[in-house]
Each structure stands twice: as structure tokens, then as C-alpha cells.
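Two complexes come next, and they have one chain in common, chain A, joined by chain B in the first and chain C in the second.
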Partner chain A sequence: MLDAFLSAGGLVFQPAVLLAMALALPIGIVVGLLPGLSGITALAFLIPFTFGMDPLVGLAFLLASYAAVSQGGSITAIVLGVPGEVPNAATVIDGYPLAKQGRAGYAIGGALMASALGGLFGCVVLAVLLPVMQPVILSFASPENFFLSLAGVAFIAVLSASAPVRGLIAGALGIFLSLFGYDPVDGVPRFWMGSDYMLDGFRLVPLAMGLFAIPEILALMSSGKSIAQPGRLEPISFGQVVEGGLAVFKHLGIFFRSSAIGTVIGIMPGVGGATAPFVAYAAARQTAKNPETFGQGRIEGVIAPEASSNAKEGGALVPTLALGIPGSSSMAMLLGAFLILGLQPGPEFLKKHMDIAIALAWICALANVASSALMFLLSKALIYITRVPGHVLAPILLALVVIGTYSADNNVNDVWFIFIFGALGVAMERLNYNRPALLLGFVLGETIERNFQISMKAYGPAFVLRPISIAIIVLALAFLLWPNRRRLTLLWRRA
Partner chain B sequence: MRHHRHNQSCRRAFLALIFAAGFAASAQLTAANAQDAGAFLKGQTVRIYVGFSPGGGYDAYARMLAPHFEKKTGATVVVENRPGGGGLTALNQLVREKPDGLAMMMLNGESAILGQITKQPGVAFDMTKVSNLARVAHEQHFLLVNPNMPNSLKEIIASGKTVKFSATGRVDNLGDYAAVLCEALKMNCQIITGYKGSKEAGLAVMNGEVDALAISDGSGNDYAQGGQTKVIATIGNARSEFKPDVTTLNEQFQLPPDRKWLLDFRLAIKDYGRVMVAPPDMPADKLKYLQQVWREILTDPAVMEEAAKSKRPLKYEAPAKLDQYIRDLLQSLPPEKVDQVNEVILKKFS
Partner chain C sequence: MSRAEVIFPSLLFAVVASLLAAGFFVFHHSWTVIAFPFGAGLVVCALCLVDIAMSLSGRRAAPSATDMPLETLSPSSLIWAFALALFVYALGFVFGPAAYLLAYLRATGSSWRLSVGVAAASLLVTWVLFIKLLRILLPFEPLWWPW
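So, the complex of A and B:
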């Protein structure tokens, strides 16, 4: 085991590999900073460049760019209120208010440190568990995925604890929107209205962009002011960023819990990775003092989703490498890259190439840390964005959002839907309906339906009695009821 | 007299000269035409549509072949991913393009044919009109089972237990193979659709949620690694290079004609395979040129070796044969057979 570790280290610290990473990081950061462009787009763009590369070099290139993209996505979530990718939508909740208060640097520092360490956590867990992961992965089947997704929906209620009924309505609307298009089980298209585009229903990227970017762009255009409200401006310095970074160490409990949540959710293929940051956020809120101040600029609300979403990617590598089953949609693409480079992940791969597998864990860890460091250096420039006047920033942002969304599927209809959902986003913002809740419902709706139907068909109603499923239900209930534990214990004692 | 004869021979010589000149001129023109056959592509941008997101098999084939097409024709090739409708929305879009030779598609031919036969919503193409350029590849399929299942199909059928199959849908190249297999062998089956992709369907066999999966040989071989699943039959007209020891269904069973027909029908669809197609009503000269270019690329030993190395082997078939497949599969089928196919593939074994 130790020699695998050491030989993996030897593989990683070669000039070609390090050079590939050094090239990939800036590309990844740029892609991450552009709203609408996600990790998957970056991978799709870069995979053709790796044809003919030595496998480890090619994979280092791809993994490093992928790690950097999620860093970039966190930054736009904080600085612009626009999630770079769907998992970053949870970061918007507390990150953007911090930017509006003129404390973007503080939020960025917290996000970068949480991402770096969270990613490190996920990769370390990856390296340690890889040899023994197989039986664990195989014990999670459709019933477990169903209950995890259901728990995710329950967390919608937590996300919107300040206006619970509206939050649940938003979540329900999200689930309703997810019903359009092919029924996941029977393949019959629902509400497709004879349009080819609607066969696959509404698309996630236009929805996320429309919900979050359009209202912000409109606000910038109409007020003309910069994102950071004037009158509350601190001088831009690294001091804020460093302070944010150190905040992670003041909230180590939240950090570790969030990273663990992210890693576990990443390890399980079948549960959407997008849920990890929301679950981590909700868990942080549930266990913090003064939970009602979440949503107005609590640094824990930035640390939790950031740590978990980076840890999740390390976790997602586990089933990808151990079984050849991708742990997330970006891993599916990475798997394609493996094959192109001549490697075949799976049990045989682990037996013959454990050192390469661990080398990938190394690269994953290094890439996380290096991209955070790179972003740290760029943070001053990025904070400036929050000081740019609105009437200058808005058109640039709009152009970037449109291009980024179009590039996802080369489909013009996606662009129209940015604006349709933008209208929805504006309405929800005005009427105080929770937008992340809608997004979460949308992402989970399909997973819940799919896994429920499969579980019923494969096991019958007894699927609820599986041990791991019961454990998930118990844990989810515990999380939901935790803030009210005193009241409940009193009730229990009286009964 | 002599004068007359002299005039005659002069005239003949003159006529001969004119004929020769005309002949030479027309030969020159023909040669020029042959050289110009590819002129419509030089310097142009050609798009190859792929109905799936980047990173998948069809995308990989398209991206592997694109540089060779560029080299042969002087065109610039752009691989355009247009996912949607199970890979078929891109075909809907292709058939609406102008037949100018600048748009092609790397098509999942099996899905297209099945979609048309089973009248899937969202099918707005007619495979009998699509221009076939070449078959790029086709795969045998494996029957994968959970390691706890018996080692042979005969034992499984004899036990009478219901065999659960995983699939993403009924016409996804997983579910339809399962349906045809179960009907042909008169097996008790339950096809559980709804898995997100073929990898998730494979995982379901590994963790015992389902018992079996009918999947392409390349993927099936991957999932059988390390004993996670076992391959107990080849569903194909020949054994697979991936596992040459695994016998085909026809080797294992002597099927009566009416059941063998259904299996052969599905295997004929498989033989159509992964194809390169162009919009309908292509002008004959452009069609011929494109077909020739693809034939040269796909039968070039160097290209074939490159493809084999990246585990995406090429198996060329000529367009004339592909047109024949389409006629047999879509046009000469009697209505009761169409109904039988629809019944088995769409409804049975739910």
C-alpha cells in the first residue's frame, strides 16, 4: 500500500505532468469564471487536445482543468450572484449578500480555502478507500438513491426556513418543471407539445442562468450601481481574503461535516452531485447558532457548500476508478477520456494500475490546492468586478451568460429559455420565493421518480426495509428535527 | 476520278481528325469532371452531427474519423454535438438540411430503425429516404448476468424463475434486445426500464438489483471485469472478438422458425449498425463521391489499425447493402409482423 503511494508520487512529480497541470489551471479558471460554462463544457472542449498524450499527462491535464473550473464557478457565485455551475447555487445564498456588503474578499477567501481543503479531503479519502471501495459502492442501489434524493427534497424546507410555505411551493414548482419531457421510466414524453426541444424537457443550464443571472443583470441595469453598495466599501486588499481563509479554521466542525457529506454523496453513483452543496448548507444551518441570519451573509453558508462540492469530486472518482461507473456526469466524460487515452477503469485497472489510480488522487489533491492558490492571487482583480458600475457590467454579463448557455448544447432554444426563466426568476425574487429551492426540486424530481419506480419494480414495496435505506431515513429525520430537539425531548418526556 | 478519290480520302481524314479531336476533348472533359467531383467540398466547412454529448462512443468515432475526411477532401470538418431525443433529434434536424453534401451524421442506426418501426413520438424522419453513405461499425451483444445466477441459459430457462433485466428504455438497444431474447427463448422475464444509462444498468447487475443485461460486447466486456458479472451468451450472428469462447444463441439453441425470425430480425437491425448518413435527395454525383471517400477511409488499413487501438474497431459495409437492409427491415415487412415486433418490444415483459 505504502509503495503504491510512493510510486504514485513519483509518477506525479514529473515535468510533463506538472507542465500539463500548469497549462490546464488557467484554462479551467477562465472557463469557471464565465457564467454558463461548466466543468463538463471544459472537459468536452479539452478532451480532443489530449489525443495522443501519455495517459497520465492527459488525465492530469483534464483533472486539473476540472478542479480549476469549480473554483472559478464559486467566484462568480459570490461576486456576481450567478452560479458558475449548478452546485455553486448554494454558495450564492450567503456569498452574494457578503459581496453586496462590500465584503466580497472575505467570502472569496472562505470559499477558496474551503474548496482547497475540501477537495484535499475528498482526494485523500479517495486514495485511502480505493482499494476497499467496491463492496461499499455495490451496497448502494436504487432504494438508497431514492431515499437520499427524498432527503434532499426535505432539505428544501430547511433552505427556506424563513418562509417555509413559499420555499416548499418553490421546490414543488421545481419538481413540476422536471416532469416535462421524457418520463424517466417509460420513455413517454410528457408535455412535449410536439416540439423536438421539449422531448427532453426544460434544461438545467438555461434554468439556472435564467433564475439567477437575469434578475441580477436587470438589477444592475436599472440601478446602474455596482454590486458592492457604495458607502460600505472597504479598501480592496488581500487582508479580507486572508481573513476569510482563516475563517475556515474557526469553523472546523462545519468544514469536516460538509466535506464528509460531499465525499459520501460523490461516492454514490446515482445521486446527483448537485445535491451535495445544498445538503451541506442545510446541515450547517441546522446546527449553527442563530440560523435565521443565514442568507444574509454568514461565512458558514459559504464554507459548507464549497467544501462539500469539491469533496464530492474526489468522491466521484472512487466509483469511476473502482468500477468504471461514473460517479457524476463529468466523471462520465472523464471516463470517455480514459478510454481514449487507452486506460480502462474498473477492478482490473485497480489491480494492475493501483499506482496510476493513486497518482490521480494526488493530482486531484494538488490541482485543488494549486487552483485555489492561483485564484487567491487573482482575487484582488476579481473583487474589482464588484466595484464596476452596473450599466457597464450588465451587458458584458448578459453576453457571457448567453454564450455560455448556448455552448452547452449548441441549441438556440436554450437561449430563449434563459429569458423565459429569467422572468420567472425576477418574479420569484420580488415575491420572496426561494430560488435555490426551485433548482433543487428540479434537479431531484427526476432522480426521485426514476429511483422510486425502479425500486418498486425490482424489490416491491419491501424496498423501504433495506438496512442502509432505514439508516438514511433516520439520519435525515435527525437532521431535520435537530433544531427542535429540546422541544421534542420535552414532549417525549411528558408522554 | 482521281480528284474525287483524293477528295474522299481527304474528307475521311478530316472526319477522322474531327472524331479524334472530339474524342480527346470529351476524354479530357470526363477526366476534368472526375477531378471536379470533390470540388464542392474543397475549402468548405462540413458538419458531422452526433446525437449525443461529447465523450460517448458516437462522438469518439466521429472525432476519430474527422481528420481523415479532412485530409481526403480538403474540407474542414466540425463535429457538432446535438444531444436530445435519445440521439434522434439530430436526425430530425439532418433530414431538413439542404442535400448539398455539407451535412452528415454519425447515426445510431439501430435506434433510428427501431424508433421508426415502433413509431416513437419525436420521430420526424424516414429511414427509407435518408442517404446511406457507409456503415462505420456494428457490435455483437453479450448477455451479462449476476455472478450468482446459473452459468448457462438452459439452466436459467429450466428453473422457470423470472429473470429481471435492466434497461434505460424499451427501444434503447438494451431493453429491445432483452425483449427479443426473452420472446425467442420463451423465458420468463421482467424488463425494468428507467436506469439513467447503460453504466447504471450494468451496476444494477453487479449489485444484484437485477439479474441480467443485454449489452454491446465492448461495454459488456468491461463490466465482466474482475468477475463483477459473467457473460453467458453472445447475442449475434457470430462470436465476438472480445470473448471468442462465449457461444452464440444459435449455437446454444435450435429455435423454431417463428421465434428464430424475431431474433434474426433484431440482428439484421444490428447489422445496419453505426452509420454515416446524409440528408435525403442527394444529387447522384455528390452522393457517389461521398460514398467513395468514406469507403476509402473506412477500409484503409492504417485507419483501421488506429481505430482498433482505441477500442473502436471499424467494420465497413457498402451503402448498397445498407439500402438493402432498410428495404428488408422497413418496407417489405407484412403488417402482422410489424404488430408482433411492436408487441414484443414495447409491451411484453413489463
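So, the complex of A and C:
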């Protein structure tokens, strides 16, 4: 094992690998900063450039850009209130209020440090677990994935403690909207209204952009003022960013818990990495002293989702490499790149190429740190965006959102749906309905249904009695009931 | 309680219930196909009823004093936002956004220098970044163009 670790280190620090990473990082950051474009876009764009490359150099090229995309997405979530990718939506909840208070630098610093260290955490776990994880991953089947996804949505109630019913409405509506189009098991189209576009159901990017970007853009257009509220502005300096970075060390408990949550969820193939930041955010809120102040600009609300979001990438690589089962859609794309480069991930891959597998963990860790450092250098310029007058920033942002959304799927109907979901987003924002909850429900809805249908067909209703399923249900219930433990104890004693 | 607090969940209820009814009676989906959406839709409808009842009975927590007030949306901002869709429809994805930015910035009192600069930057971003570098096929031609 130690031999593989050292030989992997030697592979990573070759000039060609480092050069490939240096070239890919800026591309990833640019893609991450463009609303609507995701890590898959970066991978799809870069894969053709890897033809003929040495496998490790090619994979370093792809992984570095992928790591940088996530960093870019968290910056737009904080500075503009527009999540670059679905997992970044959890960062909007506290990051954007901090930007409005003129403390964007503080939030960015916290996000960058949490991302870098979270990524490192995930990669260390990846390197340690690779040789032993196979039986654990295989013990998770569709019933366990069903309960994990359902628990993810149930945590929505925790996310919106001030209006739990509205949080649940948003989550359930998200699940309902995700069920349009082809049924994942039988392949029969549902609610498609005779429109070819609706055969594949609603799309994620217009939904995310409509829910999050349109309300902020309309507010900027209406007020004409900058995002950062006048009168609350702190001078823009690296000091602000450094202070935010140091905040991670003041909240080490939240950091380690969130990173562990991210890694574990990332390891589960089929659950989808989007859940991790939301669960980590809910856990941070659950255990905080003043949970009601979450959502108004708490740095812990930025650290938790960012740490888990990057830690999950290391976790998602575990099933991809160890079993050849991608843990997320981006990992599916990466799996394709492995095949193009002549490598076949799976148990045999680990036997033959353990050094390459650990080298990939090294690359992931390095890419996370390097992209955070690059973002740190750019952060001062990015904070200025929060001071640009609204009547200048809003139309630019709207144009970018429209072009970015079209680019995600090359479909004009997506553009019209930005405005439709935008109207929904405005209503939800004004009436205190939880928008991230709707997004999470939408992302997990199809997974929940597919795993439910498969579980019913494979095990019948008894699937709920599988030991790991019972453990997940008990843990989720304990987590959800924890804030009301005193009231429950009182009721128990009275009874 | 504002009227919107009752109207919005009522609208959600109506839309979801209509879709479920359409699934059964118009699209004639079989039970195996519609069972899961039916369950999810039923949950949405039930929760909407609970929400409406809570709003009508006044059993809702008041917003926290530290909550930031939301900006009132002006009708002109709504019109301008939707105008981008029209510009894109009329002029395509490359020239439409540039023309929109020029028109919007001039209309809101920005200088010619800034307005033209931003419009030119938009052309550069769509052409160089999206079309040339990212190889995304943004349509040049207007969307109404039949050929």
C-alpha cells in the first residue's frame, strides 16, 4: 500500500501532469463562473483534447478542470445568488445574504478554504478506502438508495424551520415536477401534453436558473442598486477573504462533519451528489446554538455545504474506480474518458493499476487546493461585482443566464421555461417557500421513484425490513426529531 | 395575512390536481405508470390545504425582525426582463443579447460609451467563448427564420 502511495506521488509530480492541470484549471474556472454551465460541460469540452495523451496526463487534465468548475459555481452562488451547479444552491442560502451585507469577501474566503480542505479530506478518504470499499459499496442496493434519497428530501423540513409546511410543499412539488416525461422503469411518457419537448420532462438548468437567477435579476433591475447594500459596505481587501478562510478553523466540528457527510454520500452510487451539501447544511443548522439565524448570513451555512460538496467528489470516485459504477452524471462522463484513454475501471483496474488510482486521488486533492488558490487571487476582482450598479449588472446577468441555459441543451424551449420558472421563483421567494428544497426534490425525484419501483419488484414491500434500510430510517428519524427532543421527552413522561 | 398567502397554495393545488385528473381521464395513464406521481401530487395537495388552513387561521410565525426586506418589483423591470426573450426571438442568440444590452443600458441612462462597450463585449463572449472555444452551436439566425 505504501509503495503504491509513493509511486503515485512520483507519477503526479511529473512536469506533463502538472502542466495539464495548469492548463485545465482556468478553463474550469471560466465554465464554473458562467451560469448554467456545469462540470459535465467542462468534461465534454475537454475530452476531445485528451485523445492521444498519456492516460494519467489526460485524466489530470479532466479532473483539474472538473474541480475548478465547482469552485466557480460557489463564487457565483455567493456573489450573485445564482448557483453555478445544483450543489451550489445550498451555498446561496447564507452566502448571498453575506454578500448583500457587504461581506462577500468573508463568505468567499470561507467557501474557498472549506472547498479546498473538504476536497483534500475526500481525496485522503478515497486513497485510504479504495482497497477495502468493494464489499461495503455492494451492500447498498436500491432499497438503501431509496431511503437515503428520501431522507435527503425529508431534511427539507429542517432547512425551512420557520415554515416547515411550505418547505415540505416545495420539496414535494420538486419531486412531482421531476416525474413528467418518460417513466424511468416502463418508459411510458407522463403528462407530456403532446409536446416532444415534454417527453423528457422539465429540464434542470432552466428550473435552477428560473428559481434562483430571475428573482435576483428582477430585484436588481427594480432597485437599480448594487447587490451589496449601501451603508453596510466593508472595504474590499484580501483581509476579508483571509478572515473568511480562518473561520473554517473556528468551526472545525462543522467542517469535519460536513466533509464526512459529503464523502459518505458521494460513495453511494445512484444517490446523487446533489444531496450532500443540503444534508450537511441541515446538520450544521441542527446542531447550531441559534439555528433561527441560519439563512441570514452565517458563515457556518457556507462552510458546511462547500466542505461536503468538494469532499463528495473524492467519495464519488470510489465506486467509479473500484466498481466501474459512476457515482454521479459527471462521473459517468469521466468513466467514458477512462475508456477512451484505454483504462477499464473496476475491480481488475485496482489490482493492476492501484498506483494510478491513488495518483488520481492525489490529483483531485492538488486540483482542489490549486483552484482555491487561483480563486483566492481572483477574489478581490470578483467581489467588485457586488458593487456594480444593478441597472448595469442585471441585463448582463440575464443575457448570460439565457445564453448559458440554451447552451446546456441547445434547446430554445429551455429559454421560455426560464421565465416560467422565474415567475414561480419570484412567488416562492416573496411568500417564504424554500426554493433550494424544490430544487433538491426535483433532482432526487427520479432517483427516488426508480429505486422504489426496483425495490418493490425485487423484494416486495419487505424491502423496508432490510437491516441497512432500518438503520437509515432510524438515523433519519433521530436526526429530524433531535431539535424537538425536550418536547418529546416531556410528552413521553406525561404519557 | 396577505391574500397572496392563500392564492398561491390554492393555485398550486389547482394545477397539481388538474394534472392528476388529466393523467387519469385525458391521457388514460395506467395505474402502474401514474401511481408514483399520484402519491407525490396527493402529498402536494394535502400540504397546500394545510398551508391554506394555517394562513386562514392566522397560525403562522411572523417573519423574523432580522429578515431582509425584499425589493418591490417594478412593472418596467418585468417588461424589460421578458423583452430579452423577444430580442432573442427576433435577432437570434448572438445579436439579440447584444442589441438588448445596448437598448436596456441606454434606456436606463447609461452612457453611449458603456452601452456600446457592453454590447460589443457580449458579441465577443458569445462568438469567441461560446461558439469558437466551447463549440456551442448558438443560432446566429433569428428564431422565426424558416430556413
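Methods note: the second predicted complex is superposed on the first by the 488 of 495 C-alpha atoms of A that agree within 3 Å, B and C clash if a C-alpha of one lies under 4 Å from a C-alpha of the other, contacts with A are read in each partner's own complex, and residues count from 1 in each chain.
Just so it is clear, a residue touches a chain if its C-beta (ideal position, glycine included) is under 8 Å from a C-beta of that chain, and two chains touch if they have at least 3 such contacts.
In this text, all values refer to a predicted model and were calculated from it rather than measured experimentally.
In the superposed model, A:410 makes contact with both chain B and chain C.
In the superposition on chain A, A:287 makes contact with neither chain B nor chain C. Looking at the shared chain after the overlay, A:332 reaches chain B, while chain C stays out of its contact range. When the shared chain is aligned, chain B and chain C each come close enough to touch A:186. In the superposition on chain A, contact of A:453 is made with both chain B and chain C. In the superposed pair of complexes, A:14 makes contact with neither chain B nor chain C. Of the two partner chains placed by superposition, only chain B is touched by A:346; chain C is not.
In the superposition on chain A, chain A positions 186, 188, 192, 410, 453 are in contact with chain B in one complex as well as with chain C in the other.
Chain B makes touch with chain A in their complex at residues 53-56, 59-60, 63, 80-86, 89, 92-93, 120-122, 124, 164, 169-172, 190, 192-197, 199-200, 202-204, 206-210, 222-223, 225-228, 309-311. Chain A makes touch with chain B in their complex at residues 40, 43-44, 47-48, 138-142, 182, 184-189, 192, 196-197, 199-200, 269-270, 323-326, 332-337, 339-340, 342, 344, 346-349, 351, 409-411, 450, 453-454, 457-459. Residues 30-31, 37, 41, 45, 97, 100, 162-163, 165-166, 168-169, 172-173, 175-176, 179, 183, 186, 188, 190-192, 214, 217-219, 221-224, 292-293, 296, 391-392, 394-396, 398-400, 402-403, 406-407, 410, 412, 415-416, 419, 422, 426-427, 429-433, 445, 449, 452-453 of chain A are the ones that touch chain C when the two sit in their complex.
Across the interface of their complex, chain A is touched by residues 4-5, 8-9, 12, 16, 19, 22-23, 27, 29-30, 32-34, 36-37, 40-41, 43-44, 47-48, 50-51, 54, 60-61, 63-64, 66-68, 70-74, 77-78, 80-82, 84-85, 88, 93, 97, 100-101, 104-105, 108-110, 114, 118, 122, 125-126, 129-130, 134-139, 143 of chain C.
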